[in-house]
Amino acid sequence: MKRVLALMLVLTVAVMIPAVAMAKTIKIGFINSITGSEAPIGENLTNGVILAIEDLKGKGVDVDMIKEDDMGKPEKSMAALEKLATRDKVVGIVGPYTSATSNADAKMAERYKVPLLIPAASKEEITRQNLKWTYRVSATTGDYGTILLDLATKLGKPKTMAILNENTDFGVSAAKSAEAIAKEKGIKIVFAQAYSKGSPDYRSTLAEVKAANPDLVFMVSYAADAILLMRQSQEIGLSPMAFLGAGAGFSVAQFAAEKEISNGVFSSTQWTKDAPWGDSKAWFQRYQSKFGKAPTYHAACAYESMMIMGQAAAAAGDNREKLREQLHTGKWNGILGEVSFQDYDGYQNQRKAQMLVEQIQDGKFETVWPAQFAVKKPIWPFPGWKK
Amino acid sequence: MAILEIKNVSKFFGGLAANSNVSFEMTQGMIMGLIGPNGAGKTTLFNCITGFYPPSQGDILFDGHRMNGLKPDAVCKLGMARTWQKVRPLTKMNVVDNVMVGALCRTNSLHVAREIAMEKIKVVGLGSRVKSLAGSLPIGERKKLEVARVLATQPKLLLLDEVMGGLNPAESEEIIRLILDIKEIGITQMVIEHDMKAIMRISDKIVVLNSGEKLAEGNPQEIVSNKAVVDAYLGGE
Amino acid sequence: MRLFMHNMRGMSVFPVLLTVAAAAGLFLLPNFVESTYALHIMILIFISVIMGTGWNILGGYTGQYSVGHAAYFGIGAYTTLILMQYHHIAPWYGAWVGVVVAVAIALVVGSICFRLRGPYFTLASIAVAEIFRATALNLRLTNGAEGILITDIPPFKIGNTVITDFMSKVPFYYMGLVTLIIAIIVTRMVQNSKLGYYFQAIREDQDAAHSLGINPTAYKNAALAISVVFTSLAGSLYALYVGFIDPSTVLALDLSVHIVMICIIGGIGTIWGPAIGAVILVPFSEALRSNMIAQALIDSGLISENSRIGSFLKDQLSHAHVLIYGILLVIVILYMPDGILGFARKLLTKRRKETI
Amino acid sequence: MAVFFQSLISGILIGGVYALIGIGLTIIFGVMRIINFAHGDLLMVGMYLTYFLFTLLHIDPFVSIIVTIPLMFLYGAFLQKFFINRVLDALPQNQILLTIGLGLVMSNTVMLAFTSDYRILTTTYSSSSFNVFGLSISTPLLISFAITIVITAILYWFLYRTDTGQAIRATAQDRGAAQLMGINVKRMSIIAFGLGASLAGTAGALIAPTYYIFPQVGSVFTLKAFVITVLGGMGSIVGATLGGVLIGIVESVGGVYIGSGWKDVIVFVVFLLVLLFKPSGLLGTSKD
């Protein structure tokens, strides 16, 4: 017992003493939700970053990455940032994953004047607070709805839409912006509801959607609920002009693999393997062979974030101020296309993301929109359920 | 003058009558024995009198107050206190703290409560155990602790539920003496007991319950010679 | 040490001095410690101690094992931030409004739930917290799932003098420390009063307590009210410090469990239990989370970073820290059921017996 | 009206699975008076078991319960024998924390072993349904509902018609008295936890084809299990069955008429009301 107490004492003291920095390589922090309920998507970020570190090494940039888990909790994430900024003295930080943790960390990055590059959190406010040290690669929630409704109004003449979103930060803000955009385009919202994610049964809600008989069904699902929603839509016989899906739930490989229920569904995403940027296809294959599964756009965003951070830091030396300048003025070209951080529409240091729309055709994601990036023609309207 | 009046009290659980139509009176300073075979409804009657169950029918008058519907804490504040058939020591508190909890019924001062507690502890003869944890006491001392604790609430009427149960003869004898001492102070007592010899010795009056009904009432001699009691109860044992 | 442990009434000199010295040390600490990381951990410890001490009044002394205290933490956090963000009421008033709201709600909840005992009460407390979480998720007032983000905290002024502008951690540190000291003093006062006796009597045996003139519902509500004051203050402090709240962080079951865990690890129903629990649990889980153990092994030169074990530790341990935490939790419950304080006490009495 | 009947039917069917989760918990609680916070994690283990039996050995999920039930029983018995049995006389909050700790260990071990990816188990009938009077009925849910009924019936027979079952019920009635009567209480506890675990595992197997699987999936179901158990009356198997179906219906119908975001609130309000007006639950006998 004494020994255990002693160990605890040592650990407590260890927290207090700053570590001796002795690295010659570039120290970059990476905060992610490795455990906890956000872990399933968080995993993609970790993998993406691992590939980035390999590629940076190839470019002669030796990154000593310090990985921190925040369990999806803001106060843990703050502790992680605190440790990275003051104890490990990293030059810049990539992460964290969720919007809640990003919000908490962004303020702190400002205080410590450490560049924070947010890879995947999409809450709009994060880059609307006049923060100087926070940069974001991820698109914002509004972007998801805009591109989908763009496609829908170009391909058909939908008059009504139902919105069904998961009751989370991402879900609610994506639904809100979709509603605003729909109004702009003269589409009437005939049904709007938030569901609590993780429920095994959405049939009753979907039956209601069916009764409202909308032209478009816009769904936001970050988790694997997307599969449940579509399976149960089939059961109920919900068959609108088009299913529009936003969020990770609709753009993971498992979803596409369920072709019986996913065929014909449109989903908006920040990156696809068909994306005409960089070596997206090769990168996709490399990821798949290394980790045994297909990457999501989060993986791509995290990869690109780390690539940018690594290259910028290499150029800036061990200087945070210079690194920030690099991020502020630099331009990068990678698997997300050309990335630069701009001020627009009330945003600061925000990548203006080119969203893509994928449609599942024959169990595969095919980029169908916008036209200049499309590899296949969109199938419109929804062909109906096979019996 | 009657300190306690039980008037036609009945208690039903679902359709079962645990007590039906029980009536009797107690006068100031007496010891009343309450006897009857297992399941006769003695403890249920205790629970009704002390507010743990509201009686289904009938009235309970204590010191002029109508008690029906009063909660146990209010009952205690009016001056009626009970012990439990299965002792309920506050196991993780020591003896004096246990008794202080009782004493705090009449005072807000810990100091005063401690003085009262120490006095009652001496009365029951636990003086050497003041600092012991209640949970560590043997059964005989737990029973005494229980008595000290109720005494500390400064009751007018004490209801003792089998305080001699599970004790050896020497311990029982101590308790008997204690009950008689308490009588000396002028506290009225109602005693449930299975030990017939003891109950005959201490009681001024005895009420016999059987199947929830009052079978007989009288002084010990009358009860011993009551044929119905002998048949239903004493004979049956 | 013996005086310290068994001191239930009148304080003897030594522990008083020790406590005052510790408090003084904590007050001076920010002047010497430059590491803001350490301050951050200290603030998290303080918040944990405050909410643990609050829970301890209800759970430790009164024996009502609530696993729903996140509800009151959340009410404090939300009230403070809603008032500050949308009504421009400064948080040092807002926090007290939060306390009033939390206590009022707690009394309603208490008068309903305290009719239940044992595991039924525990389950009801979980249900109440879940109702609050799900409600906050759907209300406009709380901004639903999107949560509330602080734009900035107004500077704290007395007259025209700015006391602090909340730009550094130090003001949060002191707010935490002062609240913590008050919480511990209140616990002491409770323990040495009629309330404390009554609370413990209810914990030990509710029926016996009832028959001794104690109104259990009233005293349980009193315990809940005191408990909620500190839980709510901890929530307000957390919200101000972290700057962002949403239902899944301040109203989650996880949080309720964390509160209980602090107390049990330390030792429930004792003044210092929650403090000891927090001082051990918070840095320990932080050390696990940030992979400090693996780092320490590598830094110390025991294990080379490039060796198989080294890279395994560095890569995998960050995934395994919750697992380790879980294993330790199981071990503590099995081998130290009375918490660290109880265990220490047992060791001490054992040793004393051996020496005698 | 169609919406109402549609939601009623899906509520009843999903309620069948909830019932199984609830029955498992109710047996554990009935016998040991322990609130098992790891119940959802047991279900999660059952899901992974089913998933791997299906993907590696191509055993149909509904058939795989033949394997899942005994394996989960052994696992539950192991947990009881080496962990829970040691805290039977401890303070209730310690028991709770122990089960929470075990739950953390389970979910994080699974995460380390199989990563935290979502896994989808797709069978040929995963999204198949048929129509009755214009209402669609999910085939896999109907099958799992039928299996639930069969399992409940077998369990009932076991508890009421066999000696071991009687002994378990006696233990649930009064631990002390059962011990005096010569019943090996510790052994009954082991059997009870084994049963509870295998029922949770079975529930996992039954929803696996229509749900998704990840290491933290349990927490949702743990809370549901509490609600169901209390609703039905702690320790009452028929009660838990009814409670499960009732919660299924409340969620489904309440989701439609009050809003799906609010359905959790409704469920917990119903739960509190039952606790307050009938603490013993719908079918439970009163005791604490």
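Note that the chains are named A, B, C and D in the order they appear, and that numbering of residues resets to 1 at the start of each chain.
Operating definition for what follows: a residue touches a chain if its C-beta (ideal position, glycine included) is under 8 Å from a C-beta of that chain, and two chains touch if they have at least 3 such contacts.
All figures in this text were calculated on a predicted structure; none of them were measured in a lab.
Participant: What chains, if any, are shared contacts of chain C and chain D?
Facilitator: Output, common partners of chain C and chain D: A.
Participant: Among the chains here, which has the CA centroid at the largest distance from chain B's centroid?
Facilitator: In terms of C-alpha centroids, the chain at the greatest distance from chain B is A.
Participant: Give me the ID of the chain with the smallest distance between its Cα centroid and the all-protein Cα centroid.
Facilitator: Going by the distance between chain centres and the overall C-alpha centre, it is C.
Participant: Identify the chain pair with more contacting C-beta pairs: B-C or A-C.
Facilitator: A-C
Participant: Taking the mean of the CA coordinates per chain, how far is chain B from chain D in Å?
Facilitator: 47
Participant: Please report how many Å separate the Cα centroid of chain B from that of chain C, as a whole number.
Facilitator: The answer is 44 Å.
Participant: Between chain A and chain C, what is the gap in Å from one C-alpha centre to the other?
Facilitator: Inter-chain centre distance comes to 34 Å.
Participant: Report the inter-centroid distance (CA atoms only) between chain A and chain D in whole Å.
Facilitator: Chain A and chain D have C-alpha centres separated by 34 Å.
Participant: Any chance you could list the residues of chain A touching two or more other chains?
Facilitator: 35-36, 167, 194, 196
Participant: Indicate the residues of chain D shared as contacts by at least two other chains.
Facilitator: 108, 111, 219, 259, 261, 264 - these are the residues of chain D that touch more than one other chain.
Participant: Which chain B residues reach two or more other chains?
Facilitator: none
Participant: On the basis of the stated criterion, which chains touch which? Give every pair.
Facilitator: Touch list across chains, by label: A-C, A-D, B-C, C-D.
Participant: Please output the residues of chain C touching chain A within their complex, sorted ascending.
Facilitator: 33, 35-38, 40-41, 44, 134, 137-138, 144-147, 149, 151, 167-168, 238, 241-244, 246, 248-249, 279-280, 283-284, 286-287, 289-293, 295-296, 299, 315, 318-319, 321-322, 343, 347
Participant: Inside the complex, what are the residues of chain B that reach chain C?
Facilitator: 50, 52, 71-74, 76-77, 81-82, 84, 88-93, 97, 100-102, 104-105, 108, 110, 113, 149-150, 153
Participant: Spell out the residues on chain D that touch chain C in their complex, using ranges where they run on.
Facilitator: 29, 33, 35, 83, 86-87, 90-94, 96-98, 100-105, 108-109, 111-112, 219, 223, 226-227, 230, 234, 259, 261-262, 264-265, 268-269, 271-272, 275-276, 279, 288
Participant: Sort out for me which residues of chain C touch chain B in the complex.
Facilitator: Going through chain C, the ones touching chain B are 9, 192-194, 197-198, 200-201, 203-205, 207-216, 269.
Participant: Which stretch or stretches of chain A touch chain C in the complex?
Facilitator: 1, 8, 11-12, 14-19, 34-36, 67-69, 71, 73-76, 78-80, 82-83, 86-87, 100, 103-104, 107, 111-112, 123, 125, 129, 167-169, 171-173, 194, 196
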